[in-house]
Amino acid sequence: MTKDIREDIAWAKINQDVLKSLETPRPAYWVILAVALSVFGVGLGCEIYQYQMGMGVSNLDNPHAWALYIGSFIFWIGMSHSGTLLSAILHIMHADWRKPIYRFAEAMTTFSLITAALFVAVHLGRVWQIYYALPYPNERWAWPNWQSPLLWDAMAVFTYLSSSMIFLYVGMIPDLAICRDNMHSGWRKKLYTLMALGWEGTDRQWRNFRMTYLTVACFLIPLAVSVHSIVSTDFAVSQQPGMHVTSFPPYFVAGALYSGCAAIISLFIILRYVFRFEEYMTLPILRKVVRLTFAIAMVWTYLNCVEFAATWYGHDPAEKAVLVQKAIGPYAPFFWTMIFCGSVVPFAMMVKKWQTSIPIMFAVSLLLNLGMFLERWMIISPTLSHDYWPWQWDHNQWPSMIQWGIVFGSFGFFVTLFMVFCKVFPSVSMYEVKEMVYHRSLHSKKAESAAPEGFVAEELAVKGAN
Amino acid sequence: MGVANLLENWSKFRHTHPVDDHGHEDWMAYPTDIKWAMAIDLDACIGCNACSVACYAENNLPVVGKDKYSHGAAMHWMRIERYWDENEGEGDFSAEQGARFLPMLCQQCDAAPCETVCPVGATNHTEDGLNSQIYNRCIGSRYCLVNCPYKVRYFNWYDYPSTKDVWPSPMEQQLNPDLSVRGKGVMEKCTFCKQRTYTARNDAKTQGREVRDSDVMTACQESCPTGAITFGNLFNAESQVAMKWKAQQVKLDTDKQAKDENPDNGLRGYHVLEWLRPYPSVMYMERVRETEI
Amino acid sequence: MSKRYLLALYNNFEEAEQVVRELRTSSIQGFNAADDMVIKSPIEHPEVEEFIGPKPVKVQWFTLFGATLIGSLGFLWVASTQANFFSQMKGGKPIVPIPPDMVLTYEFFILGGVYITVLGFLVCAGLPARRSPLYSAKVSEDQIGIMVKAEEGATTALKGIFAKHKALEIQEEVGR
Amino acid sequence: MTENDFNRRDFLKVLGWGGTAVALSGCGNTSIQNGKEIITSFVTPPDYVIPSVANYFNTTCAQCSAGCDIMGRVREGRVLKAEGNPHSPINYGKMCGLGQAGVQNHYNPDRVTKPMLAGKEVTWDQALAAINDKLGGVKGEQVAFLTGDISGHPRVLLDNYLEALGSKNHFSYEAASPAVLRAANKKAYGVEMPRYRIDKARVVVSFGADFLGAWITPVHFAQMYARFRKGTRPEGRGVLVQFEPKMTLTGANADRWVGIRPGTEGVMALGLINALGAYGLHIPSDIAAAVKEYTPERVSLDTGVPFEQINKVAKILKERSPSLILAGDAAEGYAHGLQNALAIAMLNQVLGNIGKTVEAPASVPFPQLAPAVGNRASLVAFNKGLADGKYKVVFTYGANPVYSAPAALKFQDNFRKADFKVAFAHYMDETAQAADLVLPLASAMEDWATVVPEYTAVPEGGNSETYVHMSFRQPMMEKLYPDTRGIGDMLLALLKQRQPDTYKGFDDFYSYLHGAILKNKVALGSKASDDDDVFWNATVSKGIVPLSGHANKVSGKLTAADLKLPPTTGADIAYPLRLIPTVSASIRDGRNANEPWLQESPDPLTTVVWDSWVEINPKTAAKLGIKEGDIIEITSRSGSIKTQAYLFPGIHPDAIAVPVGYGHQGMGRYANSIGANVYSMLDPVFDDKTGDLAFNETNVKIAQSGERVILVKDEGAAGGSQAHMRIAVQWPVDRVDYSKEV
């Protein structure tokens, strides 16, 4: 038999295992979903109240015109980036270990972008007029102001969101075909049939599919980079000390990938458990993601140092004042927590034993994301509390429970969407896992002995573990 | 059509006005050559707050009350800032030479940081050189406030018209019908009393003459007990403000004034935060103190 | 005269490859290997293109077209809207500022690229489409399918070749 | 019109022209008829009312006693804003924040709108009947009338009413007034309120006179100050030196603010005289002898001012003449306040400023119209009368004694002793609450009146010998509340109860005023032949009626004998700090506390809003471990209050300052229990000579209550720091080339 590959997973079994995830997850799934929904409910309540009363109830004020809303906006956009990293960049690099996990990473991209877009609305003082920001032709010849970084944001986020949605969908078509073939009746059958577009896996379809997937991937990489550098211009283009920083675009992109990878680790662990994906989301893959995350963490740390050093030696008193403010002012606790979570905690990922330890990595990934959330906040509030105009300095501002509520709600919103997606669509790419095992079997057939020893050892160890 | 318009006027649209000290000659949007500007003599300002109260009366500013004031929701378009002489060491102030008062209002910058960042173009440059704020267009992203180095833009954090004790009957009868009362979620700021300047401009236009100083006063200027505030058309060489700017050799579009070039030339005109190059339309004249005493 | 469809399922690509090679070399009356043969596989398998013979891919032309067109249109649109509302000018800034427009043009460029590429994919891959009568769910699972279209007379010969290579199963159906 | 000489004079008194030769013109009563026509509300508006176009009507500001001439901006029958009247010699078209807030006094939601008898709403007839009935049972001297500053025809009617009742008990009470200064001026210059020509002076040395903030007529003085500061005037830029324990707005604008130990202003003045002598200024020998002991060393010991500073001031006074020396609240608020003021006045005398920068004002030709200026001594007298049960029926108008009387005077209890208390009230303030009958006042923007300011300013080209003027107050719009009445109307109604025949001709105060003005139009600058209506309309629309007053003389009348100062006392051990109640430019004595614009406009120096505060010198605070926002309990021998601490560099370490005017109970939604009432804790110490309540004679001790709040103020976290940026820049005068300025 030619299917006797070392990874002795029969293709049919792959189908069964993954399709199972659409049927009966562990009870934990329902718990998570319930919690997420209730958290989202809280956020929704807060938002409705704020809508009624005005932005004041969020404790924003003059000069603290921005705070957690913009911070969360950036945070969620940032989280989206690693999906692209895994699906696009690693795809082009032919890193085949990405295949079992890129699907949910991409879903994460899409949903975190949607969550981010939500904050644009939450943040506006007159959200009911939000359509003024759309370039629709009108009698007054009034168009949005294309010079505003906020509009660049909107454009970039829209492009990114739609593109990655398309990318997610296109990459999912063959799997949708599989679902279609294995579902027997009901609305899902209809849904899959519709979405599979009559995919048959003919050579013609596969040919064009490969080219399309590659092209879109190539577009997504510069797009992802542009998106977060554009988001960084919200601050870099402004005039305020502590925001007007040249190194922001790369800094933001690094931060984005960072928080994204951290999020992937968390979700990886959750999905692995609730959908019993132990055999696909294997620990060696986790290890690879962890190593990647660590590398990015170091890049981020480096860029942080660059920013601080530039400020310090730049001798712009106002900039310096803001930096000092961050370090010893009222925001110091958060600033140092951010440094700790962002630059110290990652070293836990250097310990080989811990790299594959589910609980430790889960904790670490959550800490990393906490750090990244604080980072976004620390870009906004310290500056606004201590900008150019001493008369308006305000060190007593603190987000109200309403503001916090909406921020927490956004997490509920994201998790809800994500969990529903994973239940309705295959969160592991079946056809690509098949490719993976197929190519590995070919590879190991060609050079029985040439298989990397370490890899074998790991794989065995994993088998033992499972 | 847009593209034709664009091609034919490409160079014209890269206009230098209003950064320039003169109106743009081929700028058709200029009925008259008007550039509103102000000069504030800090040596005359006694910090009495009359201008601020006059602004409340003229521009329908809401009184937000203690609690909201403590949350930075004060709406004073015109605020008096009080600074002390500083000795060495943080917060060690000296009152020997009194306090320094600075009336702070929207500087109507000609290269305004707030204008470029508004996503919907709710704040723009008017043809008479003001930094306008279109309440109807504003969606409340508050980017302009974040980017304003003077923090002179004020956001309606609440719906003041419907808030208790802001305009309880019959106080609403005092509201000035010449301008709107802003609702929640809108950014607002000093307009150099647009309702007054526009009337003056139109009157002058109908009479086919230039705007004169006698035509218009801002509310703050009108009330100022020491006449520390001068306001008028910078392009009209006879106007008080133009003469003051000229006397102080203050330029609109520089980040360094004559008095900085040469400290001994006896001048005292400057712009606040001019090194950020927002090119403010308000000239301040330094406070003077006796050396003999 | 009516055509007939045959679908043979195989366990793996090796067997399928041999069948294809034989079919291509064999000169069966009423069967043209170049046009009348379709390989169906559960995974993307580049080698297929080698043994099935040259078939061009045209998606990238859509990409080029879409990216450049939408990109330039995007710029013109932005620039002309700006030129149109000089009533909303920004102090100290040109009415049509190049740097911001470049940022937007860049985004338009990518937007057009992605959208039109996917459009191209649907066009080139002939999707969405009704599935062919001889579709087998096995293909989406783990088997390789070879579907041929031939004259009445050629079917027996084709079946022979399929069987020779131990086809797991051969389906036949009258074409429309 | 009768020819009987007595009746004639009598009639003149009724109209307010008593005590002077008046050329009576025509028979006035026809014009009264006109009056009625004019004030009937229009079905079709007059042709000058164009929708969306504002009309401006001249009137007089009623927010304080300075009597600034203002214009009301009226649109569609509503007054929207107050602007200054450009033709006014007082305010030259300018206004202060307090004046601007007048419209909020008018549109205030907390106004009294109906007569209230014992807390129940009654009609006017019932109310007047009640008064009549109460008055029936009492003798004239058992009736007393407490008012604030009052002048013009309302005062005429008031005096006539009291005379009709046979009462001499008119007490004019102002919680914050320069009463001691008036006495001192009378003694030193021969006039109570001379004209201070700040604009003419080259140096102004002010002993706590807050002439830019709350002193006498601030807007006028601000105008003078602006001229005084102009480097372009021939005398060059004036120099302002301020001696005061707590920095006032004026002190904040001084070239040199000298924090002097409370109560030692007189010592400083004598020390300056002594020092001036040392600089070679001619000082009469007796005076020189009297001040000999005040050597710079001793003075600096007593006042805590370094003697180099004293010499510097003396030097500049010697070199730059004319100068002007002012004595303000801070100097006069002591038991020896008068001596202080006299010592300071002596400085003007020896510097020869009298007649140069201290000018003689003309006095009002019609004494009945002259302002009855308020002081605190009258409150004391009124209180004593109440305590002795002398007054059975009392009226209060324009004063709020229940609120502003120190608790030590037990005024509230004494006030209760009167059987029937009538309050002419705008708000339900403390006094109105304590009254039996509350009569709702029309606002100053709904009412007719004439006003004669105490401080007579002369316009350019006016004859400074004789110029006096009377200002008109006319309604800007229909009454907001039909049941409110102007003070004139009320007094007229009361007079009609007493002397129906004399006043039957006057339907209301308007017709009275109209008739009175027309009766005397020649004296008011018109020709007898002029048409009455033309004259009347012209006069009212001008708003300012120049009168040719009686010239006065000023001269230095002080002798060495007047320069007696008590020895400076050491610190009080039990109560180590000196409490200085400050009168802020906006809230003033508290009568305007219910105008939200004033509550929300930050105090110029501390920028605190919507609350009272206590200013503490950072050194003192450091000693006691007090931080900003600590709730401080301030205790005097007569009471205690709690309020928030503000560390203030502009105050003497031995002193703390709390603004008056806060801590109302009632009055209205914006004033009610905002801050603490510092009046209540003042010690009952009085000026030895004038008997005026000494404001600054209260010693206190302070302690943290343990509570801590975040101060609600405009100032940011940086305090007064500019964070090393060039924001509010200061420049030495010798670096400024005024020849270049316009």
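To keep things simple, chains are lettered A, B, C and D as they appear, and every chain counts its residues starting from 1.
Throughout what follows, a contact is a pair of C-beta atoms (placed from the backbone, for glycine too) under 8 Å apart; a residue touches a chain by one contact, two chains touch by 3 or more.
Note that the structure is predicted; figures quoted are calculated from it, not measured.
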Steps needed, at fewest, to go from chain A to chain C via touching chains: 1
Per-chain Cα centre nearest the global Cα centre, belonging to chain: B
Between A-D and B-C, the pair with more C-beta contacts: B-C
Most remote chain, CA-based centroid, reference being chain C: D
Distance from the mean Cα position of chain C to that of chain B, given in whole angstrom: 63
Between chain D and chain A, distance of the C-alpha-averaged centres to the nearest whole Å: 69
Computed distance of Cα centres, chain D from chain B, in Å: 34
Between chain D and chain C, distance of the C-alpha-averaged centres to the nearest whole Å: 93
Residue list for chain C, restricted to those that touch at least two other chains: 81-82, 84-85, 87-88, 90, 93
For chain D, residues that touch 2 or more chains besides their own: 710, 714-715, 721-722, 725, 727
Shared-contact residues (touching 2 or more other chains) in chain A: 142-143, 145, 147, 151, 388-389, 391-392, 394
Interchain contacts (touch definition) - all pairs: A-B, A-C, A-D, B-C, B-D
Chain A - residues contacting chain C, complex: 1-3, 10-12, 15, 135, 141-143, 145-147, 151-152, 155-156, 158-159, 162-163, 166-167, 170, 173-174, 177-178, 180-182, 197-212, 215-216, 219-220, 222-223, 226, 230, 431-432, 434-435, 438
Residue ranges of chain D touching chain B (in the complex, touch as defined): 52, 75-76, 78-84, 91, 93-101, 103-104, 107-109, 212-213, 218-219, 222-223, 225-226, 229, 231, 237, 239, 241-242, 247, 249-257, 259, 312-313, 315-316, 480, 585-586, 596-602, 604-605, 607, 609-611, 618, 649-650, 669-670, 674, 710, 712, 714-715, 719-722, 725-738, 740-742
Residues of chain C that touch chain A when the two form their complex: 11-12, 14, 38-46, 48-49, 52, 55, 57, 59-60, 63, 77-78, 81-82, 84-85, 87-88, 90, 93, 97, 100-101, 103-104, 106-108, 110-111, 113-115, 117-118, 120-122, 124-132, 135, 137, 139-142, 147
For the chain A and chain D complex, residues of the former touching the latter: 317-318, 321, 385-386, 388-396
Contacting residues of chain C [partner chain B, same complex]: 76, 79-96
